[in-house]
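Heads up: the structure comes next, in structure tokens.
The first chain written gets the first letter, and so on, giving A, B, C and D; residue counts start at 1 in each chain.
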Amino acid sequence: MTKLVSRELKATRLGFGEMLVELGRENPNVVVLGGDVTGSVRTDLFAKEFPDRFISVGVAEQDMMCTAAGLAVAGKIPFASAYGEFATGRPFDQIRQSIAYSRVPVKICASHCGITVGPDGATHQSLEDMGIMRMLPHMTVATPCDYLETRKMIRATMSWNHPIYIRFFRDNTPVFTDDATPMTFGKANTLIEGKDVTVIACGLQVWESILAEEELAKEGISVRLLNMHTIKPIDRDAIVKAAKETGAIVTAEDHQRQGGLGGAVAEVLAETIPTPMEFVAVNDTFGESGGGAELMMKYGIAKDDVVRAVRKVLKRKKG
Amino acid sequence: MMPDNNPSQPSLTVRELPEMARQIRRDLMKMLLLSKSGHSGGPLGLSDIFASLYFHIMKVDPARPTMPERDYFFLSAGHLCPVWYATLARRGFLPIEELSTLRKINTRLQGHPAPAYTHGVPGIEIASGALGQGLSIAVGCAIGLRLDKKPNRVFCLMGDGELDEGQIWEAAMTAGHHKVDNLIGIVDRNFCQIDNRTDKVMELEPLPEKWAAFGWHVLECDGNDIEQFIETVGQAKALKGKPTVIIAKTFMGKGVSFMEDNYKWHGMPPNEEQAKQALSELPPTKFGDFIEFEWEKASIVAEVKA
Amino acid sequence: MTKLVSRELKATRLGFGEMLVELGRENPNVVVLGGDVTGSVRTDLFAKEFPDRFISVGVAEQDMMCTAAGLAVAGKIPFASAYGEFATGRPFDQIRQSIAYSRVPVKICASHCGITVGPDGATHQSLEDMGIMRMLPHMTVATPCDYLETRKMIRATMSWNHPIYIRFFRDNTPVFTDDATPMTFGKANTLIEGKDVTVIACGLQVWESILAEEELAKEGISVRLLNMHTIKPIDRDAIVKAAKETGAIVTAEDHQRQGGLGGAVAEVLAETIPTPMEFVAVNDTFGESGGGAELMMKYGIAKDDVVRAVRKVLKRKKG
Amino acid sequence: MMPDNNPSQPSLTVRELPEMARQIRRDLMKMLLLSKSGHSGGPLGLSDIFASLYFHIMKVDPARPTMPERDYFFLSAGHLCPVWYATLARRGFLPIEELSTLRKINTRLQGHPAPAYTHGVPGIEIASGALGQGLSIAVGCAIGLRLDKKPNRVFCLMGDGELDEGQIWEAAMTAGHHKVDNLIGIVDRNFCQIDNRTDKVMELEPLPEKWAAFGWHVLECDGNDIEQFIETVGQAKALKGKPTVIIAKTFMGKGVSFMEDNYKWHGMPPNEEQAKQALSELPPTKFGDFIEFEWEKASIVAEVKA
């Protein structure tokens, strides 16, 4: 495995915006819905090149989701996007009935997810979005770890004929995957091999975990790192394998600890191979204003928290 | 019923529609008696509109429920589905015998509409049941068709109580903003919802002014008068530059004396006695019932004997 | 422990409606919001006796939750109720911001929850409500097992100064608790002592589990049964104790298996004492029309499913 | 600033208000320069309205932010909070020095309003930030007060873009239905939202007709004209039998030439150069700034030297 280094800082949301334009050029049926946050979620790029296929619905997320469903019924390929909470919690029942239950392949793409959205504060920090979306049958839930993976994911949605929710972020963050890094929905990506413990991370916590692994490696701890970019359907095989081979699991996410990635992994382990686990996640609290990095530290989802969690779970690991 | 060779032709003349509407009402009473749960009032009130839409107005082909030239119909107020199922069955989208499975386990006739491509009925494009979502869907569909420069029309039927949901007004605004004039909204203005009459639960008037202020052409008609309704849809089709809403005044429970205009029948099925009474007020038609109950046979025998 | 028998059949929702009237008589600040489902959720009883304190908002659940929050700001004690999905998923963002984050003690009471609502079908069968509500910080999530427990819970909300979600059901179901049965939010209630395995159930699955225990007892299997009426805050001590003492856990709920009671228990076990677990829950699918009992069987959340799960988890239990 | 002995007395005369509004604008530019993120345009446009409400119209007491006689104010469009914070600070609800903590970690001045009893600011009743929720809250509060036969008034400020949210229309309907006439809604009609001007993103006109059709009294005024705004609120108070909405026309970015009427300033803070320019267009007031930057001292020195 090549060493994972940050080649540049680039926003995941930009990967979304750029790829939308590419897909728009390739497929005239691609349409994009705008909810008055176009510049933030970077659908401005698409809107500029394809004004006729950009449909503004105003600040009305419920309407947006169902309008997208209607466009799909008419044979279009709709992308609906907003900030994390307003793309999921606000129109939850709409997504549930008109997209998930109806099994309409709308692509719900949210930017500004998690606590790292920063200064906007709690109302804008979606910390429940993955959890609530993964509860919906028929729904796929995925979250890229960097700009390049975002591009791959957005492209992959074109042949993924299911309702899907993709979660990405505001900040410019390290780009450390490359064109060859695999991205298949539902298949965890082993970024680092290891045998003492497995860190299962998603989103921006993948990079935090890479940093943590470096530190732990120096202490002689061999960490396996999985990028669990697809929260649903979750890669049960990879989890069971990790539990069998490493005997201890840490999950890491920018999300509430209840119900999210950690919850999903705990559920799999409980019914297959019960294994000591530690959760790196926001601990049942709302966020607040601050810088993204500051908040990651204050709310316990940064590199150091992964390091601590690994040490803790190793103590619990059976001889 | 045979699939149409030319789906743009009405399959019944205006003169034949009242009888079909009556048959649908008979079907409803029998379906609901069998299901022992479900909504009587709204569906009875809408039988004239459904008969008109599916047998005269809309371009549909039961043999090709997803044919590209079809008109799209969205039932936003999903609880009204019994009248949709009965109409679809009568129009040939499903066997009429299946009407006896309403709300039973493993049925396609779910308590609220399931889309055809999960386990629902052909001709049903998408799920409904949670109120307030259908108009947005219809607007999206209409915009999608317009993008492709297709001539298909989109119809969306809403309950009046349903208009309490803010999402309806989001969709109304979106349709007005985008001047979606291949869309016709129909409001079932029966002045009833679950808890009470609409003005007691949540005042909707002045309703035409609301729609007009959201950028719509507004037409009103008697939704239990088939000719008037068809004429009004004709007018709606001719209106351009904005979406059009038809506020169709109906009576909840229309056709069954003891249910008429009574909100208490919003969500109740008739019991056997009530069904008998209802059916006696809705004489049999040339189209024939989908089921004959024992007591009907008995009563025919009785009549013959008398 | 006295034997648990069904003394009569009575709806949980009736317990809610009746208790509301009692509380209304005792406290003039109690107000009730109506969302045009008054007869179903049994707030009709309150509306009849206190028409001035019954506020109809029409079919508008988002408005209902925030109107309730505003009433609380003005010093009122608001109860907001609707069907499960329309009391939780539909107004999720409203509950999140104006009730949970704002920490306003609105009492959200939903009837017709779970698949047992029956013939109305999938759109009306809330199978995600406990899961999505428990993800919200500051929120309490509880679900009674019978008519009497519902009464106790509703009364207990008066001194519970937190936002709370209470989930109950449409059908007439066995009343098997009595006036002496304890009900303290956050404290699991041990209904049956046992040492081989613990069934942790909530809502109507408590009765199914009582029936299952009877059957299993005949085979000589000693089942402990916990009524986990409070999903959040969950009784960690009771769970850990059960895991330690019985070594195998089955959860049972009328809810999606991902994220609900089972998920909550799996999370606790993973970070304390990893233990084999089986989930009796709806398996990541929407419901459909049918009778309540029929659907419980078809979707795998009835007595026989508890029995099967117990047998299965016992096979996995370590010597 | 001292707590009022009699909170029903305006704490500033109408003549003094423009200067206070200018001070609030100065505060805004400094706060946003320091925070490096946040909304400039809307808050600048609303400074006249906030000065009027808190220093002249509403019954409030900074020493007793939750006094039972208070008028209730709800900011539905939470992103506008910088102007609320500046106004609350100037009115004595919090130390003006705290304005430099906007959007910083551990602050009470959250990016969107947090309620006082979590970690927010005294005088803030409830959280906002997700658009569309505040009017419902205000309606609930007003109904609650009316149940207790209390004379307090409830104010709710909404953005115009915010009116795209259907929940606003649910609340409007509820308020109309219940004839909640102790409630005054204020719409910040600046014709701007994030992506563009409102008519480009989502047409709202005819806006007065919308509110009227939902059962409200409708008043219009220039929201940047303090006397006119105060007079309009006076009219609103006199209107009975229905809730009243004031459609207050403002200019986004009012007072700063290069921001005025430009939607691009919806959510951007000024950089240092822009802040300097803005402050030079907003002369210092007798109330004094909450912070003096190095470059201000330098420029004063420069002026003295010149």
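Convention: a contact is a pair of C-beta atoms (placed from the backbone, for glycine too) under 8 Å apart; a residue touches a chain by one contact, two chains touch by 3 or more.
Note that this is a predicted model, so its numbers are computed, not measured.
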Set of chains adjacent to chain A and to chain B: C, D
Look at all chain centres (mean of CA atoms) and spot the one farthest from the centre of chain A. B
Cα centroid separation between chain C and chain D, in whole Å? 42
With chain centres defined as C-alpha means, what is the inter-centre distance between chain A and chain D in Å? 36
In whole angstrom, the CA-centroid distance of chain B from chain D equals 47
At least two partner chains per residue is the criterion; list those residues in chain B. 114, 127-130, 132, 164-167, 170, 173-174, 177, 202
Mind pulling the residue numbers of chain C that touch at least two other chains? 56-58, 60, 62-63, 85-86, 90, 93, 96-97, 101, 122-123
If each chain is a node and each touching pair an edge, is that a line, ring, star, complete or other? complete
Which residues of chain A touch chain C in the complex? 85-86, 89-90, 92-93, 96-97, 100-101, 122-123, 128, 131-132, 134-138, 232, 249, 256-259, 262-267, 269-271, 274-279, 284-286
The answer for chain D against chain C in the complex is residues 72, 74, 114-115, 117-118, 125-130, 132-134, 136-145, 147-148, 166-167, 170-171, 173-174, 177-178
Which positions of chain A touch chain B when the two form their complex? 31, 52-53, 55-58, 60, 62-63, 65-76, 78, 93-94, 96-98, 101-104
State the interface residues of chain B toward chain D in the complex, per the touch definition above. 164-170, 173-174, 176-177, 202-204, 206, 209-210, 212-215
Contacts from chain D onto chain A in the complex sit at residues 35, 37-38, 78, 103-107, 109-112, 114, 119, 127-132, 161-162, 164-166, 193-195, 200-202
